[in-house]
Structures are given as C-alpha cells and as structure tokens.
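Quick one: this structure, given as structure tokens, is what I'll be asking you about.
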Amino acid sequence: MLQTALDTKPSQDTKSACDIHLSAFRYMLLARVLDEKFAALYRAGGKIHGGVFLGRGQEGLSAAIGVSLQKGDVFAPLIRDAAGRLAFGETVLDSVRTYLGSAHGPMRGRDGNVHRGNVHEGLLPMISHLGAMISVVNGILLARRFQKKFGTVGAACIGDGATSTGAFHESLNQAAVEKLPLVLVIADNQYAYSTPTSRQFACDNLADKATGYGVDVQTVDGTDFSACLKVAGEAVSRARRGDGPQMIVAKLLRLCGHGEHDVADYVDPELKKSPLGRDCLKLAQDFLIQKKWLDETQLAAMKGEIIHEIEAAVAQAQREPAPDPFSEVWRALASEHLSEGNAED
Amino acid sequence: MSLTYLEAIREAQARALRDDPRVFIYGQDVGAFGGAFKATKNLAVEFPGRVLDSPISEDAMVGMAVGAAIEGMRPIVEMQFADFSLVGFNQIVNQAATMYWRTNVPCPITVRLPFGGTSGSGPFHSQCIEAIYAHYPGLIVLTPATVEDAYSMLLEAVALDDPVVFCEHKFLYRHLKAEKLPDEALPIGKARIAREGRDLTIVTYSAMVHEAIEAANELSSEGWEIEIVDLRSVKPLDTDTIVASVARTGKLLCVGEAWPWGGVTAEIISRVTVEGFELLDAPPQRLNAKDTPVPYHHNLWAAHRPTARSIASAARNLLSQ
Amino acid sequence: MLQTALDTKPSQDTKSACDIHLSAFRYMLLARVLDEKFAALYRAGGKIHGGVFLGRGQEGLSAAIGVSLQKGDVFAPLIRDAAGRLAFGETVLDSVRTYLGSAHGPMRGRDGNVHRGNVHEGLLPMISHLGAMISVVNGILLARRFQKKFGTVGAACIGDGATSTGAFHESLNQAAVEKLPLVLVIADNQYAYSTPTSRQFACDNLADKATGYGVDVQTVDGTDFSACLKVAGEAVSRARRGDGPQMIVAKLLRLCGHGEHDVADYVDPELKKSPLGRDCLKLAQDFLIQKKWLDETQLAAMKGEIIHEIEAAVAQAQREPAPDPFSEVWRALASEHLSEGNAED
Amino acid sequence: MSLTYLEAIREAQARALRDDPRVFIYGQDVGAFGGAFKATKNLAVEFPGRVLDSPISEDAMVGMAVGAAIEGMRPIVEMQFADFSLVGFNQIVNQAATMYWRTNVPCPITVRLPFGGTSGSGPFHSQCIEAIYAHYPGLIVLTPATVEDAYSMLLEAVALDDPVVFCEHKFLYRHLKAEKLPDEALPIGKARIAREGRDLTIVTYSAMVHEAIEAANELSSEGWEIEIVDLRSVKPLDTDTIVASVARTGKLLCVGEAWPWGGVTAEIISRVTVEGFELLDAPPQRLNAKDTPVPYHHNLWAAHRPTARSIASAARNLLSQ
C-alpha cells in the first residue's frame, strides 16, 4: 500500500508547495466522500454492523499529518483520521473492507470500522482504549533506536478528551524521557462525545501541557489545511532531526456526531458560527482556486475519479467473502502448540 | 406502559436519586446527554447538580467515587463500556474492594458496567469481565437477566454497604421488555429458577438465560424438561439453589458468555462437584465463549458465543448419557 | 486523636510565628526520633516484618503541611510523612502499633508500616499504588460540596516518581475541572527508589506541569522548614478560600535509603554536598536558636519528652496482643449476609 | 556452586541478553540498581544500553514493550511487584493479548511479575493474580515452582512468539536453592509429577508445591502415598497429566495460594470432572487462600494462605472417604 501511497506522494522536500497542497486536498476530499459513503451505507442499514465514525471537519489536519510522513514512518491514527490514513497509504479498498467486514480486509472481519491498520506498513490498528496507542508508537521508535535504524518518526493522533487519560500522560512523559521522535497530534475539536472541554480540562489551551513534559509544541488553526501542512511538516522534520517529541494542538470543531448514531444537538450553535466551525474542506477548495492551483473543471474531475474509486471499492468489497466461522482459526496465540483450543469446536 | 431493561436501569437510578440524597451519578456523558446508551436520560434535568459528566479518566472516576462513599455519599459510576473499566481496574479491586477490610469503613459505590456482546461491537466493546472482578475479595458482582432484576437489583446495589460491580448486558438493553416495574423482588444473593424441569439443570446468567430458555423450549418439544437457574449474582453465588436443582435433575450444564479459562462456569462446576458430587449422574458440562477476543463481524460473533442452538446440542449430549 | 492534636495545635491564624515554628519543629524532631526507633527495631530484627520507610530530610516539608491543616481537613500522606501525620494528629502510639502489628492499632494488623490512617479523622490510609490516593481525596472534597460543608481542604502528598503515574494525571486534572480545594504536595527528592529524576521526567521543574492543568503552583526549598510553612500555609488558605487546586513543589533530597533495606549508594555525592542535601532538621534547629525561639536546654527537654513518649508507646504496643487468626473475622464485605465465608474455616 | 530461584531468573535474563540481540529489559530500577529484588543485578553493566530504567508508568511500560515487540524486539518487562501490574492491566490484556489475533503479527513480550505472599508484605505486595491473566485469551501464564523451572521457563518464555505473564514467587526467591542450572527441561505446557504416589493427587503450582510436598512427607509417615502434580504453566493447563494422575489415585485435591472464587483450582476441578468424572472415587476438594486481602501481620498471613498443615488435614479428610 505504501508503494501506491508513494507514487502519489514523493517525500515532501522534493515537492512544490502546489503539489503538496493539492495532494493533501485530494486526500481530504477522498476522505470526505468516503466518510459520506459509510454514513449512507450505515443509514441504509444491514450492510454495516456497529458504529460509523466520521472525520468531518478534521480532514485538513489529518491529511496534513499523513502527507508529512514518509514510507517507513509510523502512524497511529484515531477515529477521525480517514484522511491521514489514506495520505499515509491506506487504500480505499481496505477501509471499505474493514467496515463491511470482508474476509480479505486487513482485519479479516475480526475487528472493524476505525480499528484497522497494517502493522508491517507502520499503520497501527487502534485498540479502543483511548491513549493506549501512544506508548506502542514509543516502543516501535525505541526498537528502531536499538536496531540503529535512524531517521524515521512516529505520529500519534488523539482528541481533547483523550488528554485526560492516564495513558496519554504516561506515554508522552515516556517519549520525552527517551527523547523519541514522536509527533503527538491533539485534535481539540471542542467535544469528547457530548462532553465540552470545560468538563474535560481546566487549562486555557492544551498546548500549555507541553512545558510540563519538556516537549516542543505548536498550536494551529485546524480549519486551515495550509497552516496544518506547515506546522505538521515542521514538527515532523524536527522530530526526524532528533529534537525529541513534538506536540501539535489543532483547534477545530467536530462537524458531525460522535458517531453516525449521534445527532449532536448538544453542540453550541455559537461554536458552529465561530471560526472554529468553518469547514476545512471548503476553505481548502477556495484557497486552491484563489491560488489558481486548482480550477472548477479539475475539481470536478477529481471528484469524479474519487467517486469512481470509492464505488469500485464498495462493489468489490461487497463481492468478497464474509469471514466463515467454520474455517475460521479460533486461536488467539501465535504458538499453536500452546493453544488450548475450544471445547466447543 | 411497557418498559425495556435499559429503561428499568434508568428508572432505578431515578428512584435512587429521588429517595436518597446521598446518591449521585458520575460518568462520561451521563449529564445533559443522558449517557452513551441513554441510561441516565433526563436525570441531570430532574436532579440538578447530581449527575456529573466526568473526564475520560476511569481511574480517577472510581477513586473519586470511593472518596465520596467513605464520606457518606452513595455514588453510581457509569463506565461507558465495561471494557473501559479495565483502565480503572486498580481503583476498583485495590481501593474500593479493600477499604472496608482495611479500615472498617464501608465503601458503598456502584460501578455500572454496560457489558457483553452485540453484533458489530468487536473486541473492545463486548467483553464479559465479571470473573476478574469476582475473583477479588471485597466486591459484589451482579448480572441481572431480566427487566425486573435490572431494576430491583440496581436499587438494592445502591443501598448495599459494599462496592458493587453491576454488569448490565447491552444485548438486553432494548431487546427485553416488561409490562411494569416489580414491587417486590428476590434479595441479592438468591438465584432464581427461571424455568422448572426434571431432566437437566442449566445454570447460567445474564443474556445467556434467554438463550438457555430458547434451547429449553426446543428440547421440551423433544420431550425433555430442562430446569434453568438464573444466578442473578455471580458473587456471592447461591450454591444452595444450584445444588438443590442438580439434586432434582442429576445433570448439570453451565453456560456463560465469558471466556473458557476460569470464570463462572468453572466456579459452579467446582462447587457442585465438591458439595454435591453424589447428586451428579453424569459428568457436568460447560459451554463458554471461544478463547479469542470477541469478533467484530456478525458471522464470527454469532459463532463465538454460546447460542440456543449450541446450548441445545450440548444439553442433548448430556441427556443422552 | 485529632483532639490531642488540636490541644497541641490551635488553628494557625490564632498562633504567633514563633508558636507555629516551634510546633512544626517539635513534629519534625518527633518524626525523626520515631523513624530512628523504627530503623533500630528493624535492624534488631524479629519485631518488624516487612519494610521500614523513613522520611529523613523531608520532615520540614511534611510537618509544614500537617500544621497548616485543621481539624476537619483531609490528609493523604505518603511514605515519608511521619512528621505530617503526627502534626495532623496521628498519635505516636498508633504509628508504633501499626509497625508492630498490634491488634489495637488502627489497621488491626491487617495492614502495616506506612499503610495506616484513620478515615473518620480525615487521615487516609494509603494503598501502595502510587497516585491512587489523590482522586480519593477529590471524592471526599466533592462529597462535602454535595453536603454543603464548606471551608475544609484536602492535602495529598506525592513524590517526584509518582508524577509519572496515570493516576496522578487523571486525579489532578479531575480536581482542576471540579475546582476542588486540593493541595497537592510534590516532594521532589531527586530519586524514585534508585531512579534519578533524569529518567523520570524531562521538564526543568515539576512545577512546569501546573499551567497544563490550570492550577496554581509554588516551588519551595524543602530543606527550609520556615519557607515550607509559609508556602504550605498560603496554599492551604488559597484552597480554603475557593481558589481551586494548589500545587506545591518542594526541592530536597531523601537523606535515607528508599527503605531501611536500601543503602542507597546510588545517590550522587554531589547532590549530598549541594544545598539540596542539607538536613532540614539541623537547619530548623539553627534557625530557632538563632531566632532565640528555642535554647539548648529547651531543646534537650523537648528531646527528652519525645524519647520518653516514644519509648512508652513502644513498650505499650509490645504489651498489646497480636491479631489472633482464630478470632479474626475473615470477611472482606461489610454485608455479612452476602459474605461467602471461607471453605477452610 | 549453589544458586537461588532469584539468581536463576537473573541468569536466564543474562543468557537471553547474551544469546539474542533482540532482548532488552525495561522496568523500574532494573538498570544500575539491578532491580528491587536484584533480579537484574549487574545486567546493565554487562549489557550496556539494554537494561533500561522506566518511569513509574506501568501502562506505558507495557505499551512500549508491545511496540518494540511488533518491531522485532524481545522485551522483558519487570513489574516491581505483581500487584502494580494492575495499573498496566489494560495494555497487557487488551493490547498485547489481542495483537496477534487482530493483526497476525506476533507480540513476544515477557512480563515478569514478582508475586505471591511473604510475611509482612500486606495487601498490595502479596497478590496472586495469575487467574485474571489466564482468563483473558491471548496470554501464556507461567508459575515456576523450582529453581530449574524459573531458569528454563523464563528462557523459553522469551523465545515464545506470544505475550507471557511470568509469575515468579517472591517467597521462593531466596528460600529455594539448586546445585546447578538445568541443561534440559520439560517444555512449557507440560506439568511435572513433583512426587509420585498412589492414594491421592494434589494438583498445585508455585510456592504451594513445596507446602504440598511437606504435607505429603507428613502423610507418608502415616502410610499414605500422595502424588503431587506441579502445573508449571496455569495457561495452558496440562489437563492430560492431571487426569492421568487422578486415574491412578482416584482422589483429587487442588491447592492454590490465590483467592477462592474462580482461579486455578476451580478450573482444574472443572476440567477433571468434565473430562475424568468416572475416575474420581470421592468428591474432589479445593484449598485456597481466604477471601480477604492478604494480611500484613505474620499471624494473619500464615493463616490466610494454605500451608503444609492445612493441606495435610484437607488430604486426610479426602483420604478417609
């Protein structure tokens, strides 16, 4: 997958600003349309069991991280990172396969929706427990230090709510003590499910936490994909250079429910009207058109391609077999000889 | 008016808040939003200031409840999913569960765990973890299987002087309905004969009670009469009721939705063989979930846990001995 | 106990600086001599099972917290807080009883050494898991808010190492969100067991963490008991006033092993020679004598009293019965009717 | 040269570090200090940069080990006491234990838990928590009872492709000595007949093996020959060896130092009655610790756990049936 990713994404420095912005934009649009497809399948019912979680309004930040990373880097996305996943090299087909539970998907129907990834390609499949993936990224980076593999970085994404977890604290402190090339991206989207930040923390800005860990931090307007590209690019290069953990705090608003089951009528209308409530995709589009890096026809063409790619992926995933409980290997251990098996088998 | 298992839990909390000023609720999104499953719907409005949204801090959530409890309150902590209580595990088993024994001061907290499997929920939103709590001294672990028990046992849990882990099954939340709330109920610690029979005893709890009943109905059409014991409480266990049933039937099948190593089914079989060995006229049998995480895909999930069909076939094997 | 405590400790404002300093000093000395007694009993062998943990070098800070609190406040001391415990009202006899496992001790032989307290008197008996007591203090303070009992505060002590626990993070954030009257005292004694702070955190000063939680903070020289009294007194009054959580970071050095089993040869000699390595008790003594608040004869008399009190307590605790396994109630539940009992009984 | 259980653990780690460049050790005070129990003594000097002191962050300690493991390393995590692993419980049971099943990528970490009771250690430095780990799918849970097993099983644990919870008993650390390190050993998964006998089978593990042997010696002076099965591994369990022994003796007593609800003794009795019911000519019996936290005072501690005396009397009761 990363090969594909690489075709469409040579490493940043060799690219012009225009290319980078266009590439990021395409992943934003791809993620948005893909998310909408999942939402539609969810509403249609039957096709998707369990929840559907969208990244609407966070595509700019997420894509910025994804395009700033390179092959060989590590990425631990969270629930709102469809854009970043795609930019990092996940295929549309694998996202669709996971939601639809295809036996050919990376999780083989064993896990689903946002709990997907591919360890060999550095894309970590999140467990649900918030904050738990950061120390796993630390471990990969530590392993590389042992193995004398230098020059790669690890990025982990987290929300404002997850900053309240002990796991967040322990792992960020751990990365700082080991001076690991970790880029920790906090998407402060004003809510944790229904909980406003006022019930989540009492500091003015989550960036205020950085000094207490001894890590660098940048705050960025998460609705401005260009600003996100700049901040993400810089943070990734500093980490790569050996400056230790980098924190990014992006301010934005979740433009969807926590999941598609959630109408989110608790979101403060004032926030929706505020600059935080702007749609990063719309802003990005205006920016590119105004810069003349993209015109309406190219945009239409891009949309067309994307819709086609997604429809094709959905069609294929639907043709693929579902996991078969009878041929399924019901074994949690890699060591077959130590597996107790299942009485019921 | 008919009422679901979930609504019964909501009603029990409403009544606890109404009847006892010491009660408050603390958990993620339990306030204005009414909780991820709506188990606290409108309670923040009906009882201003007594239903508090917590940060995503399970360890501190439980610790705070413990502190409030030893200061005279009766906190109810809602975990968004049972699976996330593992992050607060230490405060439950080492702080709450040891408090009375160490200090002689009771620690009346109720930790509500929306638990158990539903299709499409996957490895981290489906776990049955009653056994790891029951293993620790100092906790009461409840697993109501009916709307009535969900209501009465939650009320009794809040009234108890000990920390209670209240395992409410998400699969039953909306599936299960009752006509009205009970006026009286069996006390915590007593198991219930969910179905009378003479040929074989199935001991189970929570959602599996309903799979077992379905299996029993299927088997009765084949002429077998299955007795079903609904444990209600997995700690303490009502060994007397179980042994009495096995005395009647001579055959024991234990069914649980949890993983096969250890757990409720092992404890039951162990107790019955230690205390009622001569009552058994065939080897007791167990049926548990498979020894893997709970799968996401419906096909795998449905095969991972015991079902009416697998229970019926296990019972047939046992009956044919 | 607090009654006794109160006799020797009327609330602060009504006391002269001299009285406060003398009172604090007496608890420092009492704790030092008591600690030395425990160390001697430990070395003698037989009398004390398990470990012995001293507060040598931290008596000034600990006593300062204890004397700054009032009856009705809550105190969650940690392993190095003998002085604070005594100042808060714990009796010498109860400390000795716990170490010797007397059935008459507050823990009745069920728990021991530093794991002692008395919930009814607001002195929380720590569990071993570091960081776990802070949220319990939060809970007591929250309960009082529900009960409309205002004007009391809760103090929790923690070490530099324990700041790395998730429990520390979650509970401090929780206190800040609820704006609770918590005073969190961090004794930065340069080591967590053998681990130097360089392996524990990467910020310059643990006080740098405060802003990230939105709480007030004061840094203090932990070897200067007078400075500690000032800072602790101010923090406690601010919390009492309703200014929300207060953090205190005291810089000092552990002047003993982690426990009495530990020779602590890993402690950097430079640190011992540095100002951090000064003995707060010696400094306090010089301070009081130089201020003429105490003279050698008074000091000798004080020591005499203290030694007498401790010897009497040890003599009594040794005469008291050990817990009897046969009359012991082997029941973890308060609800006797729900107790499963023990097959082995 | 004679060597303790603790030294064997140190030697196993030294050899693992020497033979396999992928191995490193991570834990509180394991570096220059050599660990709270000195299980890593001098290893930081002998293997520079490969024995790392961690912050007091059990959750992140395990998470980091998992990351390193899936990147090709073989981390050994030392918990300072088993009891503190509960703070890292979530990363062990939900991150490490689910990794292979979810991703097909093995997660070879070894988490060393200094566990079990010693006099004066109290409720939070004495716990036997093997059962809560064994209940979760995806983990191997080891409980060596001898110096030789401490050495060979730890080496094999590090070589395995799965997460291993290695329960090393603090009571055995210095009590137990052997003349030399073993050149060969039973593989993990196989139980050991610690003592041969014909009249009754005692199944136990870890420190209780030695209490059982003492009880057996006492009973042999009364003319009884007790067979003792040392489980070595509580997950997987070597049911075959257990059942074969019960087939010889017809009587089963399970002894564990853990709490009575659930746990190893329940699982063993349950398996034997399900698979070897007809082999039993008396009800099987269990002996566990009492259902309270582990007490601090020596008198209480000694009465809380099974001992040679209580084992012998339980065996006598069973033999007299």
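In order of appearance the chains are A, B, C and D, and numbering begins at 1 in each one.
Simple rule for what comes next: a contact is a pair of C-beta atoms (placed from the backbone, for glycine too) under 8 Å apart; a residue touches a chain by one contact, two chains touch by 3 or more.
All values reported here derive from a predicted model rather than from experimental measurement.
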| item | value |
| --- | --- |
| Farthest chain relative to chain D (centres taken as mean CA coordinates) | A |
| Centre-of-Cα separation between chain D and chain A, whole angstrom | 40 |
| Whole-Å separation of chain centres (CA-atom averages), chain C against chain D | 36 |
| Gap in Å, rounded to a whole number, between the CA centres of chain C and chain A | 45 |
| Between chain B and chain D, centroid-to-centroid distance (C-alpha), Å | 30 |
| For chain B, residues that touch 2 or more chains besides their own | 54-55, 57, 59, 83, 86-87, 90, 94, 97-98, 101-102, 123-124, 137-138, 235, 237, 261, 286, 290-293 |
| Sites on chain A at which at least two other chains make contact | 107, 110-111, 115, 127, 129, 164-167, 170, 173, 177, 199-201, 331-332, 339-340 |
| Overall pattern in which the protein chains touch one another (line/ring/star/complete/other) | complete |
| Touching residues (chain side chain B, partner chain A) in the complex | 28-29, 31-33, 36, 53-57, 59, 81, 83-84, 86-87, 119-125, 260-261, 286-288, 290-293, 295-300, 302-304, 306, 310 |
| Residue numbers on chain D that touch chain A, as the complex places them | 24, 50, 54-55, 57, 59-73, 75, 90-91, 94-95, 97-98, 100-103, 105-107, 137-138, 140, 160-162, 188-189, 235-237 |
| Chain B partner contacts - residues on chain C that touch it in the complex | 106-107, 110-111, 115, 117-120, 125, 127, 129, 132-144, 146-147, 166-167, 170-171, 173-174, 177, 331-335, 337-340 |
| Contacting residues of chain C [partner chain A, same complex] | 164-170, 173, 176-177, 179, 199-204, 208-215, 244 |
| Sites on chain A touched by chain B in the complex | 48-51, 101, 107, 109-113, 115, 127-130, 161-162, 164-167, 192-195, 199-201, 266, 322-326, 328, 330-332, 339-345 |
